[in-house]
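Next come two complexes built around chain A: one with chain B, the other with chain C.
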Partner chain A sequence: MLDILKKTLKTGSQTTKYPQIPDFAPAGFRGKPELFADRCTYCGECVTACPPGVICLSEKNGDKVLTLSYCGCIFCGRCEEVCPYGAIKLTEEYELASKTKDDLITSIRRKL
Partner chain B sequence: MTVEYEIEIMGQRLNERIKKIFGRSLHIREVDAGSCNACEVEATALSNPIYDIERFGIHIVASPRHADMLLVTGPVTRNMELALLKTYNATPSPKLVAAMGSCACNGGIFGETYATGGGVDRYIPVDVYIPGCPPRPQAVIFGIMVAVDKLSQKKTPYSETPYLNTGIKGTTRLEHEI
Partner chain C sequence: MKTEYIDAIKKEFGNSILKESVSDNETYLTIKKETIVKLCDYIYSHLDLPLVLVFATDERKTDGVFKIHYVFSIDKDDAFIILNINIDEKTPVFNSITPKIAAANWYEREIQDMFGLRPAGHPDPRRLVHFEDMPAGVYPLRKDFDIRTKPPRVEGEYVYRRVEGEGVYEIPVGPVHAGVIEPGHFRFSVAGEPIINLEIRHFYTHKGVEKLFENMSMDKAVFLAERVSGDNSVAHAVAFCQAVENIAGIDIPPRAKHIRTILLELERVYNHLGDIAGIATDVAFAMGAAHANKLKEEVLQLNEKVTGSRLLRGMNAIGGVRRDIGDKKEGILLELSDVQHDFRELIEYLMSIPSLVDRIETTGRIYNDTAKGLHVVGPAARASGIDRDMRRDHPYASYRDFNFKVPLHKAGDVLARTVVRADEVCESIGIIEQALWSLPEGDIRIKSSQIPDGFSLGYTEAPRGETLYWVMTENNRIKRCKVRDPSFCNWLAIEYAVLDNIVPDFPIINKSLSLSYSGNDM
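Showing the complex of A and B:
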């Protein structure tokens, strides 16, 4: 019993202080994907690679628009792998909860 | 303002919100609507000694009748469709619904097929979306914080709920709050 008590005292409290102190995900964690407008060529590689199909390429008023919805994204990192220009990167951000689906959409655009 | 002081304030934020809105605590019913069980593993981790959501007064309960909030996982399979609707109807109002995981948000990897509905919001109104496959326990805690904040903004037509109109009074601790 003394051994158990000794171990308990030695271990101490392991509870995370999360909401008080920001918690950073470990290195290599696949979180929120980010799009870089300056590198993207709108080739559509990521669109075909995305398993749940949340990335879409469209044309609006003569602009090419690449839209990514985090709502449905499975954070597999396929888009990052296939992108030849490194225009899409998965960050370590995980606090994505939102009240509406529109807040979870990110997009970049370029004039044709 | 010192760092310690800031941390102290931030730590009390969630607890205060819950106390203000729900009286003492927030009770969550976890609903598995055809999930792959990854989200369940993370939801279970919420009550372990490391994440320990009970310290904020958030409890996971065994019945929707005890719950203030539904934490729905999975893309709503055809077999779980009715069960989800029954659970939603059994939860007393004001209630919150959190869609946990990408499947619950949008169908995720399962998408919309003959067997899956493609998101919880096709069946019941969702208050907060928590993307992630599965979301980290911290992300779920963040989602609950967002949801609780939403309820304080929500104009709940509490006096118009059916059982208050039947003349039964004082059924809730929230009556004077909202």
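Showing the complex of A and C:
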């Protein structure tokens, strides 16, 4: 009994105040991938490389559209690895929960 | 690989061998279909080699036959013997070896469900992977089965083994359990408190992983392998990569080998800490569980700092690793020395608590002959006196370069399994330290775009035990990938471990075996 008390006092409180105090992921964390419209050439390298196939290239109303869904993303970073222009990057953001599936889809477009 | 075992087989069964080929440490022998039972029995009983894997391949397109492969491990010589028999499509029957080698039980039933090849003489020919609502004649791993097929559901019934008699009751548990765990059905027969029979039923979450592997490119398949069993992702990914690297003859850079070893051991440390926490939880010793979980969380956060993923994912690739961890050396060493200090103190403390030790001592015994007969692997086997460890017997990555002990205990109870894990945590931390101190300079990956056609085994010692991959490539893609998670071997042991124990001890026994549903169901 005394041992339990001693160990408990020595260890102290381990829980953090998250989410009142934000918790930052360490550098190099594999989080939410982001697309950069100004660098993307719509070459489709990331589309071929993506293991779960959540990056899609399509044409809509004369625009080239690149869509990425966070629903099926496994945060492997293959897209970042194969992109020749640095137009897709994993970020340190991890709070991705949302109320609708549409919120989990991001896209960039460019006139043909 | 020269080994006296092959000579012994040739001497006894020379007439039955149709073809022989050797690649690296694997000897492939094609055997006449009729003699397979005798030969397997000879290798298993007389030469005393364990049967580690049985699987089938559909090679009707190239060779006009199905093939069944039997993999035996020669631990002493770091070699494997792989027997195979040809089975004609018109007579899809083969002689079951299960009456001689109990460890073949589930493999043969799996082959029956997935390939439609019937093991004649199997003592329990019920379906294993397929449920009763699957129509007859649907064999998903045959090459002519399209992956998009949705078979209609049909009426059917699954017959459980019954124990009957006065005062015998059945307690069905699952497949839906309390808490966030995966599904599995447990049917206990009890007379009073003690369990007199347990039948398990699994494969509720069968995902068709082996079918998904087919035609996949190597790069993508690594990530699928990584997700076969969530908390053993490094072990699976490395086993897969090693199989492919073996086929392509790639010798990965020494620095990559060291990094892989470090990742594999970090995985073992956090898994074992989690299991020890689970055992403390299941005996209602919340304080011990909280402290063990705290240590596990520290290692998970270390994983995140080192690899960017708490479960160490996304690190492995064909030809090496994707990120260097050399700059994190000091951080890892510092954190692990803290963890080791706290862990030693915690284990000493846990083992001094009578309410914990009394509860787990002699509980859930797996006797040595049972463990051997079922081919139990990993810490569960080493707690039952089976001295096997892939890291020592079939060294891969850079395990050859390090000193480590393989803890061995004989009691076979929950206590022994807990102590084996505790000892392994300390050994693992020792291996990581050695690897970090001797981290070689150089590249971390050899890029390879073309993988030749071929086949090979890949293996690792996962936290749960030996994990095997057998990969066959064709046109730079996967033709067949057989995955054998340690849980596929160990699940049946629980039917024996619980006998004569009381129902309330089932959760501890289950936890002490640390079985994966995902890796088993696949």
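Just so it is clear, the second predicted complex is superposed on the first by the 101 of 112 C-alpha atoms of A that agree within 3 Å, B and C clash if a C-alpha of one lies under 4 Å from a C-alpha of the other, contacts with A are read in each partner's own complex, and residues count from 1 in each chain.
Methods note: contacts are C-beta pairs under 8 Å (C-beta built on N, C-alpha and C of every residue); 3 or more make two chains touch, one makes a residue touch a chain.
Everything quoted here is computed from the prediction, not taken from an experiment.
By the document's definition of touching, neither partner reaches A:Tyr85: not chain B, not chain C.
In the superposed model, A:Gly28 makes contact with chain C only, not with chain B.
By the touch criterion stated above, A:Gly77 is placed in contact with chain C alone, chain B being left untouched. When the two complexes are overlaid on their common chain A, residue A:Asp3 makes contact with chain C while staying clear of chain B.
Touch criterion not met for A:Phe36: it reaches neither chain B nor chain C. Counting the residues of chain A that each partner touches, chain B and chain C differ, and the larger count belongs to B. Contacts of A:Pro51 after superposition on the shared chain: both chain B and chain C are touched.
Contacts of chain A with chain B, set against its contacts with chain C after fitting on chain A, overlap at residues 14, 25, 51-52, 74-76.
Interface of chain A with chain C (complex): residues 3-4, 7-8, 11, 14, 25-26, 28-30, 49, 51-52, 74-78, 81, 90. Residue ranges on chain B touching chain A, taken from their complex, read 7-8, 10-11, 13-14, 49-52, 55-56, 102, 105-109, 111, 121, 127-133, 135-136, 138-139, 141-143, 145-147, 150.
Residues of chain A that touch chain B in their complex: 14-21, 23, 25, 51-54, 69-76, 94-101, 104.
Residues of chain C that touch chain A in their complex: 219-220, 223-224, 227, 287, 291, 294, 304-305, 307-309, 313-314, 322-323, 349.
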